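Dropping the structures in below, format is structure tokens.
After this come two complexes, each holding chain A, first together with chain B and then together with chain C.
Let's look at the complex of A and B:
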């Protein structure tokens, strides 16, 4: 059963340590105890995994109220982590018996524990240390020789296993079975030799292996990257978010003396629960990359020479204004990167629109560069994903279309898998080759690469045949839709896509039978040759199945890079202003900015690069992007940046694109500055500065704001907080995302 | 008049010299520093030393507990893995860098208390003056006691 989104939980009356309280029925006693601040120590229990009751650390005394008012106590202590609360439950967490039991459990765990805390990476933040200190015996009665097992046994490039320290809580094993689903780890052997390892003692090969390091309650699983780098009291912990993909996982970034040493997950039940993917957790330290741009540089005599910031600014403004005055507003263009924050993107487009009077701005590296304002993505009224992460648990069918989910959106993958595993949500996958998501999908459509449109049309046609007439009633333009796919019969679809009619029929039936469906569309859609038509087709599928105005269903075209969504919201587009306004609606923006804006639409990225080749665009400003490596057509991008007359590249690293720059500006990496990112579910989330900037690097927004100051003589924004305030003025939906509202967990902006 | 002078001037001077004279024949408390030095108490806490085991291996395992215990945060420890080819201390971990900023140190001896292996100790060398600030950052090489002399076989 999918988890209903707005269910009112039934409350029951219980009593803990004499305090009466109401909790949702079925909540585990160990969690209920937290509400009255009664501390119940645990080892094996983890909030986001099923309780198994393996370690017995969480024992409490429990009784039940009888009809006559007396309390009948259970004869033995109970494991509170597996005990759901029910009406009339009475619990005591600090009785003499319990205190004795905890001591005994800990003494037992420590019989064979090496207690090499001084060299253990967990020391100082170790649940076993803490519990022993608070609840354990001060000395041990055992003087026998301890068990010896391999120490520092590498499980993979990331994870190190110390078998002597393992307390067999099973968290790591359960994680790979329940959460990541790769079932890589298992308990081998029996008795004192029991150990978690891969089945065949091979390498631990998982995309989420870093999580077991964090959930292991002892120092048995440690990070090889962090190994011996620091102790907990050496480091400074800063909350921020990961910018590896558009999921925006909440993380803690730990640094020692200004050097990043590790990344840990930060809990956000709405986004990443408490997980990270290995790509993010073990990301290379970009702050200390050898090829960082350290100071502003100008090309002189064929080589980039360091200069002062003001010289670089002067040159950029001189060239840009010069060319614009000579060749018109189309002689200058800007390309925005999706690694930039909302504030950066907003000021970048403001620099071009208000500063240079040009609409030539884009951020898209994909083949799809159509008009986002056309009514092709109608469900929400805007070109933005419809659902949020936890809708995955509430929907009845997850349709993954053209996305290798585990690679593109690792957290969506985990959540989709959880929805299937915990709540029985069905999944359907359409991708040219087998993907990880197929292992929980009920049905998989493997089609010929590039035939997504034919597949979607075939599905739509089949759906129109299968859906009951009353459901289709009232769908606007139904006849037109029917006509448009009339020729896409299963035979034609098989010829085009290679999907057999039976398979297609089964998939269509799955969709037709599901009360709600969340469509997750990915890279194959963004890069399709006829992406606009394809997105239109997916919209129609969403509409005819009635998901367009559902809360727990809808169409989600997931951005491929960290702030792809923010770039659209902030109007880093040639034909769209911030807040999904068309160019015709520029009046409100003009009022805020105090200038007149161009009406003529600018060039989308392909056209922009083409114009560079034809040298009608003379000056190109690339900020935070590396089109030479990341554009879907790298040759075009490479030729464009080589041939354009004047190229400014502003980035963290000396990328392939920056090699060709005439002016290279150093930008701060994500952990060296603050800002906000909007993730794929439209959630604006804050980042905080964790380490000092390298060299002369400045945050992108400051560079734009300093350029803008020289151009318009208006008071510039002094910090990202002010920029966000201005964004809230021009795009009211973002007013809810002002810094004061964002807190730790971020805010999802809502249209209307 | 004369009686006054004797009473007020000569007598006090005489008394003073008598005391001096008496002390000339008593045992002395001062020493002729720096030529001569006083013996330090056995538990006196001055300059740190990093000790070794008899085998020559370093006692320090780079655990940073001393740095954590230090109230003025003047100790910096950076650890690394021991390998079988390059072994500095018993076990897996050793201190690659070990530095104490002597300008900050208040000689409280907490590091010595915290050390699980008895590696860092405060000993009797109290002559710590120097000319530059940099010279007061004592490195591991400066702190480590010399290798025990190998006896010729």
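Let's look at the complex of A and C:
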């Protein structure tokens, strides 16, 4: 059963260490104990995995209140990690018996443990070490020779296994079975020989392998990257978020002497629970990349030469203003990168609109360049995804359309898998080739690449035939929808997509029978030739199935890069102002900015690059993007940046695009600055500065702000917090995302 | 210890086999038997133990990595999971055994009735130590725990046959008899176990399909 989103849990009365409290029925006693700050040590229990009761560390004394008021105690201590709370439960966590039992369990676990803490990466943050300090015996009666096993066995490029240290808690094995689902680790042998291993010691090549390093309660699984690099007490831990994709996993970035040494997951039950993907956790240290742009540079005599910031600013403004004055506002253009924060993106479009008076701004690297105008908005009324992460557990069907989920949105993949594994949520996949998600999907539609539109139309037609009349009744424009797909019968769909009528029928029936459906649309939709029509079609599917106004269903076009959502929200678009306002609604913005704004829509990115080739755009400002490598049509982008007269590139690295720059400006990497990102579920989340900036790099927003100051002579924003405040003024939904409200876990903005 | 040193010297692991790289060796009958076994349970995973017995029979008495991979593939489980199960149980052979596995019970009753003496005798007679296989690949000598036949101690098991009240003379006769036989005790045991799990209807159906 999907997990209802707003279910009120039933409360039961229990008592822990003499303190009476109410907890939701079924909560494990070990968690309930935390509410009264009774610390119950654990090894195998993990909040986000099923409890197994393997280690016996969490023993407590338990009894139950009898009708006559007395308490009947269980004869033996119980494992609190597998004991659900029920009415009248009474527990004691610090009795003499329990203290003795904990000592015994630890003595037992330490029999074969090598106690090599001084050379162990885990030393200082090791649950085994900590529990032994707090609850363990000071000595052992075991004087025989310990078991000897391989001590540094590389399982993959990321993970090192030390078999002597393992205490067989099973967390790693359970993680790969329950959470990541690849089941690449298993316990081999039995009894004292039990050891976690991959099949035949082949490579542990899961996409989520890094998590086992963090959940191992001892130093048995360590990170090859972090091995012997630092000790927990000499690293500085900074909370921040990962900017690898639009999931926005919460992380801790640990640094030692200003150098990043590792990334660990930070718990956020709404977003990544407590997981990360390997791509993010083991991302290269961009701060120390050899090809960083270290200082502002201007091309002189064919080569980029270091200059002072003010010289670079002066040149940029001179050329941009010059060309604009000569060739009109369409002679200048700006391309914004999706790695930039909301503050950066906001100021970038402000620089172009208020500073240069041009709407020539875009951020899109995909083929979808359509007008994000009101009538095309998703059912929500805006272009933003409708659902949040935890809706995946509440919905009854997850329809993954045109997305290789594990690759594009790793955390959405994990959550969707969890929804299936734990709550029996069904999944349906449509993708040209087999993907990981097919493992848990009940049905898979493999279609000819590029035929997404035909497939969606065929599905819509089938749905109109299957859905009961009363459900279709109130749908606006139903006849028009019917007509638009009238010719898309199963035979036609098969010819177009290669999906057999029976398969299509089954998929449509699955959708029609589901009380709610979350549609997750991915890269194949963004890059479809007729993306606009395709999105329209998906919208209609969402509408006719009644999911447009459901909380646990809806259409979600998932952004493909870290702040793709923010770029749309902040109006880094040629025909849309911040807050999904059309250009005609510029008055309120003019009031805040104190200037008049252009009414003529600007050029979308393809047109912009085309204009560079035709030399009607003379000055191009690319900030935080690398279209030469990432644009869906790299040759177009490459030709454009080569032929444009004056190119400014502002980025962290000397990218393929930056090679062609006339002015190159160094930007701070994500961990060298602060800001906010909006993830795919519209959650604005903060990043914090973890390491000092490299060279002369500045945060992007500051560069824009300094340019703006020179152009408009208005008081600039002094920090991103102030920028965010201004964003809240022009886009009221973001007022809730001011820095004071964001806290550690971010806030989802709501429309209206 | 050597193995340990060897293991940590390799810093790059080979990749796990892709499904198309696994040589499938189950015979047609075995595939049908597996289908029948799977149909006894609500999900494929539950047929893991009998499937491993089938594999042990099909692969000549040993669960090689390929055998494990094949079972995993056929039951749609991960390789590691199946390997974990296979290594948990001692009756699944992870190494090639001799044609005849001589499993001598050395638990209490049999020990009191002289099973260790018998073991030593066998070691000497076959020229191997406990746990080893004769160079001609005929005999493997192992010890096992109680065979649940204490009344007839000392007891020894060869494949699916119990040899009761063993003595040196009986042992000589047995070894001679085995040398002349062309049975394969290990696969025969596996086959017997598979057959116990198949219903009469299953067997009849599979047999008729092979007419």
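Keep in mind that, in the parts below, the second predicted complex is superposed on the first by the 750 of 752 C-alpha atoms of A that agree within 3 Å, B and C clash if a C-alpha of one lies under 4 Å from a C-alpha of the other, contacts with A are read in each partner's own complex, and residues count from 1 in each chain.
Keep in mind that, in the parts below, a contact is a pair of C-beta atoms (placed from the backbone, for glycine too) under 8 Å apart; a residue touches a chain by one contact, two chains touch by 3 or more.
Source: prediction; values computed, not measured.
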Clash or fit, chain B versus chain C on superposed chain A: fit
Identify the partner contact of A:497: answer first if only chain B is touched, second if only chain C is, both if each is, neither if none is. neither
Return first, second, both or neither, reflecting whether A:152 touches chain B, chain C, both chains, or no partner chain. both
Decide which partner touches more residues of chain A, taking chain B and chain C as the two options. C
Once chain A of both complexes is superposed, is A:119 in touch with chain B (first), chain C (second), both, or neither? first
Return, as a multiple of 10 degrees, the angle whose vertex is the Cα centre of chain A and whose sides reach the Cα centres of chain B and chain C. 80
Using the superposition on chain A described above, determine whether A:276 touches chain B (first), chain C (second), both, or neither. neither
In the superposed arrangement, does A:268 touch chain B (first), chain C (second), both or neither? neither
After the superposition on A, what does A:209 contact: first (chain B), second (chain C), both or neither? neither
For A:233 in the superposed arrangement: first (chain B), second (chain C), both or neither? first
Smallest separation of CA atoms, chain C relative to chain B, angstrom: 9
Going by the contact definition given at the top, which residues of chain A touch chain B in one complex and chain C in the other? 151-152
Chain B-touching residues of chain A, taken from the complex the two chains share: 116, 118-119, 123-124, 151-152, 227-231, 233-234
Chain B - residues contacting chain A, complex: 61-65, 67-68, 79-81, 91-93, 116-117
Where on chain C does chain A make contact in their complex? 1, 4, 7-8, 10-17, 65, 68-69, 77-81, 83-84, 87-88
In the complex, chain A residues that touch chain C: 148-156, 176-177, 182-190, 197-205
